[in-house]
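Order as written gives the chain letters A, B, C and D; numbering starts at 1 within each chain.
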Amino acid sequence: MSEYTPRSVDEIAKRVAQDIDEGMYVNLGIGQPTKVADFLPKDKDIFLHSENGVLGMGPAPDEANQDGDLINAGKQYITLLEGGSYFHHGDSFAMIRGGHIDLCVLGAFEVAENGDIANWFLGRPKDIPAVGGAMDLAVGAKKVYVIMDHVSKNGDPKIVETLNLPITGERCVNRIYTDLAVIDVTDDGLVVRDMVDGLSFEALQAKTGATLRPA
Amino acid sequence: MLNKVTATALEAMRHVKDGDTVLIGGFGLAGQPAELIDALIERNAKELTIVSNNAGNGETGLALLLKSGCVRKIICSFPRQHDSYIFDALYRAGEIELEVVPQGTLAARIQAGGSGLGAVYTPTGYGTLLTEGKETRTIDGVDYVLEYPIKADVALIKAYKGDRWGNLTYRKAARNFGPIMAAASKHTIAQVSEVVSLGEIDPEHVVTPGIFVHEVVCIEGEAA
Amino acid sequence: MSEYTPRSVDEIAKRVAQDIDEGMYVNLGIGQPTKVADFLPKDKDIFLHSENGVLGMGPAPDEANQDGDLINAGKQYITLLEGGSYFHHGDSFAMIRGGHIDLCVLGAFEVAENGDIANWFLGRPKDIPAVGGAMDLAVGAKKVYVIMDHVSKNGDPKIVETLNLPITGERCVNRIYTDLAVIDVTDDGLVVRDMVDGLSFEALQAKTGATLRPA
Amino acid sequence: MLNKVTATALEAMRHVKDGDTVLIGGFGLAGQPAELIDALIERNAKELTIVSNNAGNGETGLALLLKSGCVRKIICSFPRQHDSYIFDALYRAGEIELEVVPQGTLAARIQAGGSGLGAVYTPTGYGTLLTEGKETRTIDGVDYVLEYPIKADVALIKAYKGDRWGNLTYRKAARNFGPIMAAASKHTIAQVSEVVSLGEIDPEHVVTPGIFVHEVVCIEGEAA
């Protein structure tokens, strides 16, 4: 088995950022997806949307400029770019549900080979359900990209034939970015677009719970 | 740098195709995007379905569009006005199809289209000629009619100020259908009286965020 | 038969205005109902709504101050009071359909004894249907008052047992103001609240197509 | 002269009754009407159903309201936060009922309530645990869930400027649920940082027209 280095959190975020074009309206989910913002090209107009009524999010403010009324969906302090706007939750989810968001980047617990995603609830007896905007983003955005580790901490595949965990949205994921590979969800199944150097297709398949195809 | 400002109204019409559904803003003449409509006439796409509150006045704007022969069908709430003689003649001659929709249902269907709802139950028009044959349901003792979304290929609206990201403000009652039509269309073209720098519109005062707008055309000398 | 003078258009409008309290949100229909605005007390805050996105309508402007962007639902030039506001058609009909308009005053062709109203379409072969906001106002406003002549130009009653003309809305009229009387539509039928001087109840009943009751 | 300005937050609570449904604005702490919530706790009405995006943070505002024992049920999209320990404990002890609603469905249901729609078909949540047992329908090839309106007895929201007719503006992302909750409630109470003269808010910049607002309470020293 050959040597390879998994992509770091930053490297994955950078890899996603490469696939975002000028003029796109993008919602970055809470957690790891938020990091994608740090790697977007500064010379291109890319519009970041936040569920809580903000379009045109800028970088995090320094401490002196934090404003409790200006936060993102993850409740982190943000800034607004010139040309940004505020609106209410009805309008914000009209943007999402109405198909106006070009791309949403989400974290996930599991993705199935047909694009089903589970990212809202582990469903263990002690867990309290909480969904936020996850289900709206999954069904509403024109494209859904997922960032997640290729396997769980126990080594179990997170890309599976059918979901084991409660579903967030049916057949909505278009692409999966893991620490090992970038995989498209297509009508012909899961297609590997790229892999980390030194990893063989067979080794990647072995860590994946559904059948992969080379590009 | 993204710039949604398009030089001419005619250029903005390049995406309009035969058979398109076109939302046109305005209530009477207030908010009617007259210059965009003129350009649409020049574009000469055929078999259009037009959605607008009225069916045109006199021999301008929407009325001229109907006269041009480009329109197969109009969906509106109030076609008959004292000076809607162009529409009246076409209708009586059977040369245009008419779907009359209560004004609030027109708004609700356009909003459903823009916000991704599959259908809505509205109480308006229940038991009337305008909802004959439509599905109904009684919910909590109130009778409702099931109404389906209106989505369009193109929207033509008249705003007041716009910037290169497509953010818009409106002027007084000319706002009317503009914001909801912008959201319900694949390609929204806004004519404005003034193109302003990014950030000049206070983010609290943006009425239509740029996400709903694809092209901004400045019509000179049109300011209030 | 005793002598009586029918109420003039202005007298009816004034009579309606007397029944409008401070703080009410009111939509005045096109035509005769618009006249009610002229008789509202100047010292009370009464809010006039127009379907095309205006709340807080003021009196008509002089010619020099007419603005094509500031019109009412009847496409007449209006003004806006300090404290008024503009909004889009979605919000405007949310106000109507959502029950936020306290009172709507409409013209009518016919009203039935159960409160059904016909005011949008005569349905003759040559007529072109056009409804505007009539159906929304009829079902949405908390109260609907009607202003109309007591009988048609042919002398036929306009208050009837059941409508002859195409219906606008079911069981929505609360009160009818005619040139002869003010009549409430109640669960116990049509109740005459007042009549013009010199007109007998029997004479009013003779001009009415449904059974009246004294107050 | 109509004046919707009420002197104190507690006075504004006089209409709240046992068993009421109360909409409470805010997304996390932004836009949460903390002083109105404090007054609601003091009012001590019982068996309330609360509709709010979250279920409270730390030991303030909404969290304190839950702790007060006045709340029978909460309808929200995201109850579990890092500092939502008061809710978490009540929920695990079975002392509060929870209805989790996807955030956009929460908004859509509140909007349906405010705009008089009987129900709406939304694609969100189709096929998930959160819509189990709900009616569904396929429209134009898309699967939708039928969702019913949320209407309330009282709404408590935080705005920025308000006038005596109840017109409101908001501040940045604190706008969130305020405007749609104001419309969905029989009695809307807004706390503002400043009461301004009539006309001081430009009619183009009014976000919530006074028709949706019944009482305005000025909270001193709260400006940004």
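For the reader, a short list of remarks on this structure follows.
In this text, a contact is a pair of C-beta atoms (placed from the backbone, for glycine too) under 8 Å apart; a residue touches a chain by one contact, two chains touch by 3 or more.
These numbers come from a predicted model, not from an experiment.
With respect to subunit A, maximal separation of chain centres occurs for C (centres as means of Cα atoms). With each centre defined as the average position of its C-alpha atoms, the distance from subunit A to subunit C rounds to 55 Å. Annotation: 35 Å between the Cα-based centres of subunit C and subunit D. Look at where the CA atoms of subunit A average out and do the same for subunit D: the two points lie 29 Å apart.
Shared contact sites, meaning residues of subunit B that touch two or more other chains, fall at 108, 111, 115-117, 122-123, 170-172, 203-204, 207. In subunit A, 80, 86-87, 90, 93, 96-97, 140 are the positions where the chain touches two or more neighbouring chains simultaneously. Going by the touch rule set out above, the chain pairs that meet are A-B, A-D, B-C, B-D, C-D. Interface residues of subunit C, counted against subunit B in their complex, comprise 50-54, 67-71, 73, 75, 80, 86-90, 92-93, 96-97, 121, 123, 126, 128-136, 139-140, 166-170.
Interface of subunit D with subunit B (complex): residues 108, 112, 115-123, 137, 139-140, 142, 144, 148, 169-172, 203-205, 207.
Here subunit D touches subunit C in the complex through residues 1-2, 111, 113-117, 163-165, 167, 183-184, 198-199, 203-204, 206, 209-212, going by the rule given at the top.
The part of subunit A that touches subunit B in the complex is made up of residues 22-23, 25, 43-45, 47, 49, 55-56, 80, 82-87, 90-91, 93-101, 140. Here subunit B touches subunit C in the complex through residues 27-31, 53, 77-81, 88, 91-92, 98, 100-108, 110-111, 122-130, 143, 170-180, 207, 224, going by the rule given at the top.
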